[in-house]
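In what follows, chain A forms one complex with chain B and a second complex with chain C.
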Partner chain A sequence: MSDSLNRFLAFWRHFSGAKVINLALIIAGLLGAWALISGSIDNPGRYLPSPLAVAASSVDMLYKGLLPSYFGDTISRLVIGSLIGLGLGIPFGLLLGLNRTVSDIFFPIMNFFQSVSGIAIFPIVVIWWGNSDKTVLAVILYTCFFPVAFNVLSGVREVPLRYIHSAYTLGASKFQVIRDVLAPGALPHIATGSRLGIGFASRAVIADEMLAGREGLGWMIFTGQDADMTSQVILGMLMIGLTWIVLDHYLLRPLEADTIERWGLVHR
Partner chain B sequence: MTAKLIVQGLSHHYPDEYTGVSVHALEDINLEVNDGEFVAVVGPSGCGKTTLLNILAGLLPYRHGTATVDSKIIDGPGPDRGVVFQEHAILPWRTVAGNIGHGLELQKVSRQERRDRVAEFIEMVGLVGFEDSYPHELSGGMKQRCAVARTLCADPEIMSMDEPFAAVDAQTRITLQEELIRIAIATKKTILFITHAVDEAAFLGDRCFVFSRRPGRLRETVQINIPREERNWQDIAANPEFVRARDRILSLVREEVVADE
Partner chain C sequence: MNVLTKFSLYVQGRFGRHRLRRFLLGSIPFVFLLTLWQMNTTFEWLAPVFIPSIGGVIDAIFVLQSDCSGLVGVLSLDNSCLMTTHILSSIGRVLLAAIIGIPLGIIFGILAGMNRLVSSVLEPVGIFANSISGIAWVPLAIVWFGVGSLTTLFIMLNTVFWLMFFNAMLGTRGIAKVYEQSVLTMGGNRWNIVIQVYLPGAMPSIITGMRMSLGFGWRALIAAEMIGGDSGLGFMIFTAAEEFNVEQVFLGVIVISIIYLVTDHYLLGPLEKWTTHRWGLTWKPT
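Moving on, here comes the complex of A and B:
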């Protein structure tokens, strides 16, 4: 049975070739299952609206201009917060990693803050700055900074000593060692840290918008629940997931393929 | 001949990384290496060979004794003392050409001159066609050739090598040893070659320093009077001078190993 199924699948793959078709099939399957479940329950409009209903609601929100506006708000917060987080976290991690004593002192401190999530510090930031865009941005920045800095720091500590020695014996200065050895050597960890940092930030931005009541996708989900508009809630969830996939596929993955995979530092 | 490297009264202790017990690595080392000379350093494992290399490279601070290159006291690493490390230290994120030209890049040599010099060394170590390859795409022998070219291209006054051929297969090792002789002829560099292989030391060295077991002392210097042009494995095995030198080094090393047991 499974043998003939495999043969059919192999034939199908040979026939269809491209990965795109497989992906389309999986998505179609998921949508079908979703529609099936939605069609078999009572009051789907409240509990699980069909894919079509969600699509209709997205058309409606696009038409009113709400979706682009919410999406833009969330993305701009995420981009600004993450960029500052990466821009500070990467050099900070590299500098700390340069000196063994300094890095030994900071390692547990970074580890501590890395585990205190952005949501946990949200209330105190609200006490300082109120429910403002500044608060939301600060929490996103915080959320992004620590996993980035922590990972970069551990990455620098793992760069083999012989690479550093080799550069010094060729006459490298401290700055040249950072630029030519530590930064590229820590790149697998910089990539991991960035992925975690942006990933955490994209979760934080949703929660912050809900808590602070700032407009955006998080706010859209939150008000959707309040107004009993389940399709709006699902639409918000879909937008978040899709944004991350697009970001990862078109930005992070190609960067990794051109660097750490090309150099043989990681294998896929 | 003038002495390139002079080491006088060098002793070194260091605390063991795990136990903290003081390790007496080197005891009163006195030696000279002449300009253009190829010197092999042999001794049982743990005799302080690598400690000596790290001190000469400036990677390990020392307190007792002096070490000079061209009359300059060694104090920290510098481009005048190139090192080929035990495990090749070519950077995985740089291509072959990028690795070989790294030293010149650090010294801010112009792009044009760098390209010419890199091409010259790529040719010398037989890596033509692999300029744009990354290290993970090379065989073990090619990586080691790249490492040698990386060190030499920066034009050091002296090149130290720490058991550079220990990790490659026997066939490749023979080829690399013969190539190194050819490179020594072509570049006239002063080379300090650390090894535990007696054959290798007798094949490569103009002289061979035999070290005692820990604490490392310079036990004896064995002279090997064979012109570089005659150093290939086909001819040398029957050369009485090679056989004499090899047997002498071997008996010295074996005394040290036996005394250890």
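Moving on, here comes the complex of A and C:
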């Protein structure tokens, strides 16, 4: 209880004071510049709607219940896809990392598949399964899996040999070495890989929804452009940006920093 | 000693035993996958509509390049040399975005690293622009520039610029104040500091940013070409998929990953290593 209270206080201290005023001023200035530009061009409704128009469209979409539903669709796809990706990628990376020969065998091919960006795989998957949720999920899974597995693999390989040897010397079994040395030793890399994987997945979700035409934030901005409703496009972009900022800065980055601080192998 | 042993010894001496072993081990999955692929064609487990034959994928190159009028046609991005035209227009866009975006990103990044006012304005914008993934800009870019190369160039530039900006800024901020002050003490001016301290000091971070931004940019470019492009590899695989032309899709995907692999591992990776070695301010215990 006191811990969470402390966290809240730290959070509050971080955002109160000069910084928040500064940030508010800058945001106000940017909004002002945006309003000025949109006021001075021809046909702002098509090219750059004013902030007020975007706000009006957000109220409209909220009232119709479209915004929450699209948002929920995108988030649930991202969560399901990246959870499966992490669930497969972490054990796979650990397994490959156990044996030097095995990892030598699989390293180049994983490198190859990692450099096929997930979105490039989309046309192939769409031929297999059509424009379905299955396609979207498969592409998200693919984008998430490889960075995770790759990072976990290099994490396991970077655990210094003397830790493993000393555990063996003290009479540990193979399983104990995995559980007590390799897994915790690779945790910082697992955290980094997860953040990277989820980052790639969140980009892939948007692109997939546009290409496959499944309802969600990506679909919302794509159809908004088709229907000449630029305010809806900008609203969708703002939502996508805000979602990622919240996800990255308040969830994934602290998680990564905490893991590195707790389990990072800093040589002194 | 027979010929085979001689040959094996020569190869081992030429490439190194460990590298040879790694290479041989690493090629096992590729060989396995290719065999599986070939067997799929021979035994028809999955219809060729879903998995094309290897020969078909190679044939696709010649189909795309049919009646191409030699090097002139290739270089003039002729429509009869579709394959090279798509490859060259994708690479050209990457180069153009790199030539414009990287210097701009470095300039603004160093400015923001030097000056608190600049960074306090540009940083929030950058954080926001970076978190709207490149692909989410495509619809707005289509509204502004129409479907075509300007849209894809914009997406690429947007990705490259902000990543370079952040890396240059963080690199500049990470430089110890001592270097700056010592240049000032010896009578240097602000310009000297930029050239002699900030630029080399931030160089490792800048090169890392370059590698990152080209990687992210390449992915964003492929996606942008699919949605809002009229040429390029992304456009090629997407239109091929719409026509159920699986051979061309497979070919395009393989070409995309090979281009990325080659630039990343043989150009940018070594460059990054070299810069870190040359300018990296890492403290090495002696």
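One rule holds for everything that comes next: the second predicted complex is superposed on the first by the 236 of 268 C-alpha atoms of A that agree within 3 Å, B and C clash if a C-alpha of one lies under 4 Å from a C-alpha of the other, contacts with A are read in each partner's own complex, and residues count from 1 in each chain.
Just so we're on the same page, contacts are C-beta pairs under 8 Å (C-beta built on N, C-alpha and C of every residue); 3 or more make two chains touch, one makes a residue touch a chain.
What you see is a predicted model, and the numbers here were worked out from it, not measured in a lab.
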item: Superposed partners chain B and chain C on chain A - clash or fit; value: fit
item: Partner chain(s) touched by A:V116 [first = chain B, second = chain C, both, neither]; value: second
item: Partner chain in contact with A:Q176 - chain B first, chain C second, else both or neither; value: first
item: Touched partner set for A:W263, first chain B, second chain C, both or neither; value: first
item: Touched partner set for A:F222, first chain B, second chain C, both or neither; value: second
item: Chain B versus chain C as contact partner of A:Y47, first or second or both or neither; value: second
item: Touch count on chain A, higher of chain B and chain C; value: C
item: Touched partner set for A:I245, first chain B, second chain C, both or neither; value: second
item: Overlay on shared chain A, then closest C-alpha pair between chain B and chain C (Å); value: 8
item: Residue ranges of chain C in contact with chain A within the complex; value: 21-22, 25-30, 33, 49-50, 120-121, 124-125, 127-129, 131-140, 142-144, 218-220, 222-223, 226-227, 234, 237-238, 240-241, 244, 246, 249-250, 252-253, 256-257, 260-261, 264-265
item: Chain B partner contacts - residues on chain A that touch it in the complex; value: 160, 162-163, 165-173, 176, 180-181, 184-185, 187, 259, 262-265
item: Partner chain A, residues of chain B touching it in the complex; value: 57-59, 77-79, 81-83, 85-87, 89-93, 102-103, 106-107, 134-137, 150-151, 154
item: Partner chain C, residues of chain A touching it in the complex; value: 22-23, 26-27, 29-30, 46-47, 101, 104-109, 111-113, 115-124, 126-128, 202-203, 206-207, 210-211, 218, 221-222, 224-225, 230, 233-234, 236-238, 240-242, 244-245, 248
